[in-house]
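What follows is a group of structures, each given as C-alpha cells.
Each of the next two complexes has subunit A plus one other chain: subunit B in the first, subunit C in the second.
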Partner chain A sequence: MSVVVIEHLARVEGHGGITVELEGDTVANVRFDVFEGARLLEPLIRGKSYDEVAPTLSRICSICSVAHTLTSLKATEDAFDVHVSPQTELLRELLFRGESIESHALHLFLLAAPDYLDYPSAIAMAADKPAAVLLGLRMKKLGNLIQETIGGRAIHPVNAVPGGFGKPPTVDQLIELRSGLTQGMADSDAAIDVMASLPAADFCHSDTVYAALRSPNLDSYYSGDEVMAVSDGNRAIVHAADYRSLTNEQSLPHSHAKHSNFRGKPFMVGSLARLTVNPRRLTGRLAVAMKRLKFQLPADNPMDNNKAQALELISDVERALEIIEQLLRAGVKDERPVPIHPKAGTGTAITEAPRGMLIHSYTYDANGCIVAADVITPTALNAASMELHFRRAVEQCAEREEAVISKRLQMIARAYDPCISCSVHILRRR
Partner chain B sequence: MSKPTVGIFGLTGCAGDQLAILNCEDQLLDLVALIDIREFLMASSENDTECTLDVALVEGAVVSEKDAARLRVIRKRSKALVALGTCAVWGGVAAMDRGVDRKKLIEEVYGPTGLGYDSIPTQALREVVKVDLNITGCPIEKEHFLAAIANLLNGNAPAYPQYPVCTECRMLENNCMLVERGEPCCGPITAAGCEARCPSLRVACVGCRGPATDFNVPALVTMLADKGFDRQRIAARLRTFAPVEVA
Partner chain C sequence: MKPRLVIGLGNPLMGDEGAGWYAVSRLAGDPRLPEDVETIWGGTDLLRYAGQIEGRSRVILVDAIESAAPPGTVTVFEDCAELEERQTNAHELSAAQAMRLLQMMMPVRFTLLGVAIWSATAGNALSPAVEARMPAILDRVLEELGWNSSK
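Moving on to the complex of A and B:
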C-alpha cells in the first residue's frame, strides 16, 4: 500500500492536512485531517448574556467574522422575535458583500492563483505578475473599506449589534464607498480577465449535490430562511428550524470537524452552490463573464468554485452599489438599534458566508442568557464533499507520481476555500 | 546589511492577526522587500521550517500539546519572539476555560471519540516560553504591526499604550457608555490602542484587547454593581478575552 500525505496544508486558513491511501491503483482511504485545536467556544459561552454572544462567536474565524457576527445576531433576534429596520437589513447585506469581496479577492489572487501558475505564494508571483497581485490587493482593500465603514473594523466587526447598528454610516461615508465601488466595477471585470487567462484545472469530475440559502427576492447572503439542495435536477427545500435534517453529523477520530450528509450524500456549499441554487442571477455582465470563463451550470468540477467566486466579485460589487444608491435615495437615518426584550426560546439563522452556508442556533433562558449554542460552519459542511472529490481526483489521475497527485489534491482543497478554524466548531453531540 | 529573517506562525485561534498582516494591502509588497519572510504557512507553500529567525511573530493560544511543541521549536529558532494578538498575549476567548473541566466539555461536544483528541487547558504564549514583545488586540491594529517592523528595522523597541481605553475615549469627547448610558463598558480596565473604536460607535467595550497595565477591577465591578448589573454577569463579561481575576 502506498500513502500520499499532505501534512500541513499551506495557503489556507487554519491547520489541516490530507491523507490518501492507495492499494495498487485503488483508492482505499481518503481523509481530510483537521488538527486545529478545539477552543470549545460554544459550550464556554453558556450563561453569557445575549449582547456578548456575537462578539464572542465572531472569534471562531477572522475571514468569516462578519458572517459569524451577523448570523449570530439574526439567530438571537429570531429567538426574541425582534424585527430590525429596513435600513439595518440593507446595511447588513452591504457588510456581507464587503466581507465577500475581501475574502474572494484574498482567496483567488493571494491563495489559489499561485497554484495555477506554479508559484509558491502571491509574494513570489508578484515579482513576475505584479498587475494580477495588485488587482487582488486593490479588491481586497475595497472589501475591507466596506467592512470598516459599515462594521467599524475589517476583522471582527464591532458596529453590528442586536437590533441594528451602534452608529449607521454617514452620507459622506457612503459616497466615499460608492466611488471605491465604481473602481471596483472595472476591477471585477479585470478579475475575470485574470481568471480566464489561467490554465484549465480539469482533473476532477464528479456528480455533486449543492446546497445554499434560497433567496426570497433579490439574491441575498443574509435574508431568507430556507435552504435548497440541488442534485441532478432534483430539488429539496429545508426550513431553517429543521436544519438538523441537513446536517447528519458524525465525529471522526481523524478530524476535529464533524462531517455532514444530505440524505446520505455529501454536499458542497459555497459560491458554486449559490450560483447553482440561484441561477437567475446570471444575467447581464455575469452572463458575459460566464462565457469568458467557459463556465457552465450545473458544474461537475469542484475547481469551478474558483470561477464562481470570480463571478461573485462582479455581483457583490454591483449589489453593494445598488444598496448604497438605495440608502442615499431613502436618506440615511441616524437610528438606534431597536430595543431588545429577551425571553426564553430558540432561534436559528442560516446565511451565506463567503465559503458557504453558515448556521447558528441558540436557546436562551428568560433573562436572555445562553442555555445552548450550536454553530455549523461551511467548512464542516464541506468536509465530506472534499473527501469525495479528493477520491475522484486520485481515481481520475492517470499518473501515480506523488507530486502530481499531491498538487491536484491541494488545488481541490484550496478551491473549497476552507476555513479550518471554523470547521472545528460544532457543539451538538451525536 | 542583510534583511532580517522573519517567520509568521499561527497556533490555535482565528488567524485574524495573520489576516491583519495580509490586510496591509498598501504596504505588503514594500514590506516583503525589507524583510525576508522565511515561513508563513497561511500565505506560502514554500517554507523553510528549520532556519534560524531574527523574529518570530506568533498568533493564537496554546490549547494542545502539538501547539506547545510547535511553540517551543519556534522559540529555539528565534532571536526574538513576538506574541501577536490577544490570544497569544492573554489566552483570548479560549481562556474562558479557566476552572472548567475540559474533558467533560470535549466529550459533550464530540462524544467518546473526542476523548482521544490532543487538548490541554488554554495558555498564553508567555506561560509556555519566554516572550520578548507583546502586541495585543483582537485582532491587532495593523498600524501596531507595521510600527513593530519599522522599529525592528531601526533596532528600536516599539512602545504601545499602557493606559486604558477610557483615556482615548475621553480625548475623543465621546459620551461615557458607563456613566452616562449605564452600559457594562470594559473601557476602564482594557488596554488602549484602538482609538476607543467601540464607544466611538456608541457600543460598549467588550475588552477585546485584554487588561491595561494599571487597572482596577474591583472599582469597575463596584461601579457596575451600583448600576444594577449582577456580579456573575460582570465576571462573565470581564473574563471573555483574558482570564482577569474578578474577586
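Moving on to the complex of A and C:
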C-alpha cells in the first residue's frame, strides 16, 4: 500500500491534513483531519451573561467576526423572543455584505488565484500580475470600510448589540460608502474577467448534496429559518430549530472536527450551495457573468465554488448599494435597541457566513446566563463533503504521482475556503 | 503624515496567542505612551488594517512568535524577511505575508516586536509566565517609541 500524506493544506499549516491510502491503483482510504477552533471556545462562554456572548464569540475568527457576532445575537434574540427593527436588520445585512466582499476578495485573489497559476503565494503572484492582487486588495479594503463604518471597528463590530444597533452611520458616511461601492461595481466586473482568465480546474466530478438557507426574499439574504438540501433534483427542508436533524454530527477517530451527514450523505455549504438552492438570484449582471465564467447549475465540480464566490461579489456589491440607497431615502433614525427581558430557554440562529451556513444555538437560564452553547461552523459542516471530494479526485486522477494528487487535493481544499485553526496565527522565525 | 501607530495582533481567547492584543490594550492606558502615538488592538488579520496603515511612515506591531527564548522575551524584527511566510490558517494571510504585501503598496516601515509565548490554547488569560513579563514587554514597546527607562 502507498500512502500520500498532505500535512500542509495549500500553504496552510497546522491541523488540516489529508491522508490518502492507495492499494495499487485503488483508493483504499481518504482521511481529512480538520482542527476546529470554535468548539474549543464554547466552554469559555458558559455562565456568561447574554450581552457578553457575541463580543466573546466574534473572536473565533477575524475574517468571520461579523458572521459570528450577528449569528450569536440572533440566537440570543431567538431565545428571548426579541424582534429587531427593520433599520437594524438593514444595518446588520450591510455589515454582512461588507464581510462577504472582504472575505471573497481575499480568498479569490490572494489565496485561490495563486493556486490556479502555480505561484507559491500572493506575494510571488504580485510580481507578475500586480493588477489581480491590487484588485483583490481594493475589494478587500471596500469590505473593510463597510464593516468599520457600520460596525464601528475594523474587526469585531461594537455597534451590533442585542436587540438593535449602537451608533448608526451618518448620512456623510453612507455617501462615502456609496462612492466606494460605485467603484466596487466596476471592480466586481473586473473580478469576473480575472476568474474567467484562469486555467480550467477540471479534475473532480461528483454528485453533491448542497445545503443552504432558502431565501424567502431574494433582496435580503443572510439569515433564515429554513435550510434546503438539494441533490439531483430532490429537495428537503429543515427548520433552524431542528438543525441537528440536518447535521447529525458524528465524532470520528481521525478528525478533530465532527463530521456532518444529512440522510447518510455528506453535504456542501457555501457560495455554490447558496446559488444552487436559490437559482432565482442569478439574474441581471449575474446571469451575464455566469456565461463569461461558463458556470452552470447544477454543478458537479467543487472547484465551481470559486466561480460562485466571484458571482456573489457582484450581488454583494449590488445589494450593499441598494441598502445604502434605502437608508438614505428613509433617513437613518437614532433608535434605541429593543429592551431585553431574559428568560430560560433555547434559541437558535443560522446565517450564511461567507464560507457557508453558520449555526449558533444557546440555552439560557432565567437570569440570561449561558447554560450550554453549540457553535457549528461551515468548515465543520463541509468536512465530510471535502473528504468525499478528495476521494473522487484521487479516483478520477489517471496519474499516481504524489505531487499531482497533492496539488489537486490542495486546490479542492482551497475552493471550500476552509477556516482551519482560524483562531491561532503565531509567527515563526525563518 | 499620520502619527506613528502601534498594532497589537492576536486572539485574546487563545491564551498567549493574544500576547500582542493584551500588550497593546494595556499600552493604550499607559500614561507613558507618547501623545503622538495611536494604538489599535484587534484580531489576527493585519491586512484588515491596511486603511489605518496607509499614510504612515512607521508602524510597530506586537505579536506572538514561536521562539526558543523564555516566554515573554521580546525579539525585535526590523525586516519581515526574517519571518516565515507560512500561514497557520486557511483564509487569512500570515502577518509576515501581509507586511510584505502592504509594503508593495505603500512606503511604510514595520517594526515587529515578537513576544515569545508559552502556549496557545483556549483560555481568556495569558499564561502566568507571559503575564509576569508583561511590565517588561510594555517597557520594551515604549522604548521603541522613544521612552527612556533611565529617565
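What we mean here is this: the second predicted complex is superposed on the first by the 405 of 430 C-alpha atoms of A that agree within 3 Å, B and C clash if a C-alpha of one lies under 4 Å from a C-alpha of the other, contacts with A are read in each partner's own complex, and residues count from 1 in each chain.
Criterion: a contact is a pair of C-beta atoms (placed from the backbone, for glycine too) under 8 Å apart; a residue touches a chain by one contact, two chains touch by 3 or more.
Everything quoted here is computed from the prediction, not taken from an experiment.
Visitor: Now for A:Pro418: first (subunit B), second (subunit C), both, or neither, which partner does it touch?
Guide: Only subunit C; A:Pro418 stays clear of subunit B.
Visitor: A:Arg355 contacts which: subunit B (first), subunit C (second), both, neither?
Guide: second
Visitor: Of the two partner chains, subunit B (first) and subunit C (second), which one does A:Asn144 touch, if any: first, second, both, or neither?
Guide: both
Visitor: Taking the superposition as given, does A:Gln410 touch the first partner, subunit B, the second, subunit C, both, or neither?
Guide: After superposing on A, A:Gln410 lies in contact with subunit B but is clear of subunit C.
Visitor: Between subunit B (first) and subunit C (second), which, if any, makes contact with A:Leu110: first, second, both or neither?
Guide: both
Visitor: By the touch definition at the top of the document, which applies to A:Ser49: first (subunit B), second (subunit C), both, or neither?
Guide: First partner only.
Visitor: A:Val133 contacts which: subunit B (first), subunit C (second), both, neither?
Guide: Touch status of A:Val133: both partners.
Visitor: Tell me which partner A:Gln396 touches in the superposition: subunit B (first), subunit C (second), both or neither.
Guide: Neither partner.
Visitor: Go through subunit A and flag every residue that touches subunit B in one model and subunit C in the other.
Guide: The answer is residues 8, 10-14, 37, 40-41, 43-44, 56, 59-60, 62-63, 65, 106, 110-111, 121-123, 126, 130, 133-134, 137, 140-141, 144, 153-156, 421, 426-430 of subunit A.
Visitor: Where on subunit A is subunit C touching in the complex?
Guide: Spelled out, the residues of subunit A in touch with subunit C are 8-14, 16, 37, 40-41, 43-44, 56, 59-60, 62-63, 65, 102-103, 106-107, 110-111, 121-123, 126, 130, 133-134, 137, 140-141, 144-145, 148, 153-156, 355, 413-414, 417-430.
Visitor: In the complex formed with subunit A, which residues of subunit B make contact?
Guide: Within the complex, subunit B contacts subunit A at residues 10-16, 19-20, 22-23, 25-26, 28-29, 32, 37, 40-47, 61, 63-64, 66-67, 92-94, 96-97, 100, 102, 105-106, 108-111, 113-114, 116-119, 122, 138-139, 197-198, 200-203, 206, 208, 232-233, 236-237, 240.
Visitor: Within the complex, which stretch of subunit A touches subunit B?
Guide: 8, 10-15, 35-45, 47-49, 52, 55-56, 59-63, 65, 106, 110-111, 114, 120-124, 126, 130, 133-134, 137-138, 140-141, 144, 152-156, 158-159, 161, 165-167, 251-253, 256, 258, 336, 410, 421, 426-430
Visitor: Considering the complex alone, what residue numbers of subunit C touch subunit A?
Guide: Result: residues 9-14, 17, 40, 42-45, 47-52, 63-67, 75, 77, 81-97, 100-101, 104-105, 112, 114, 117, 120-124 of subunit C touch subunit A.
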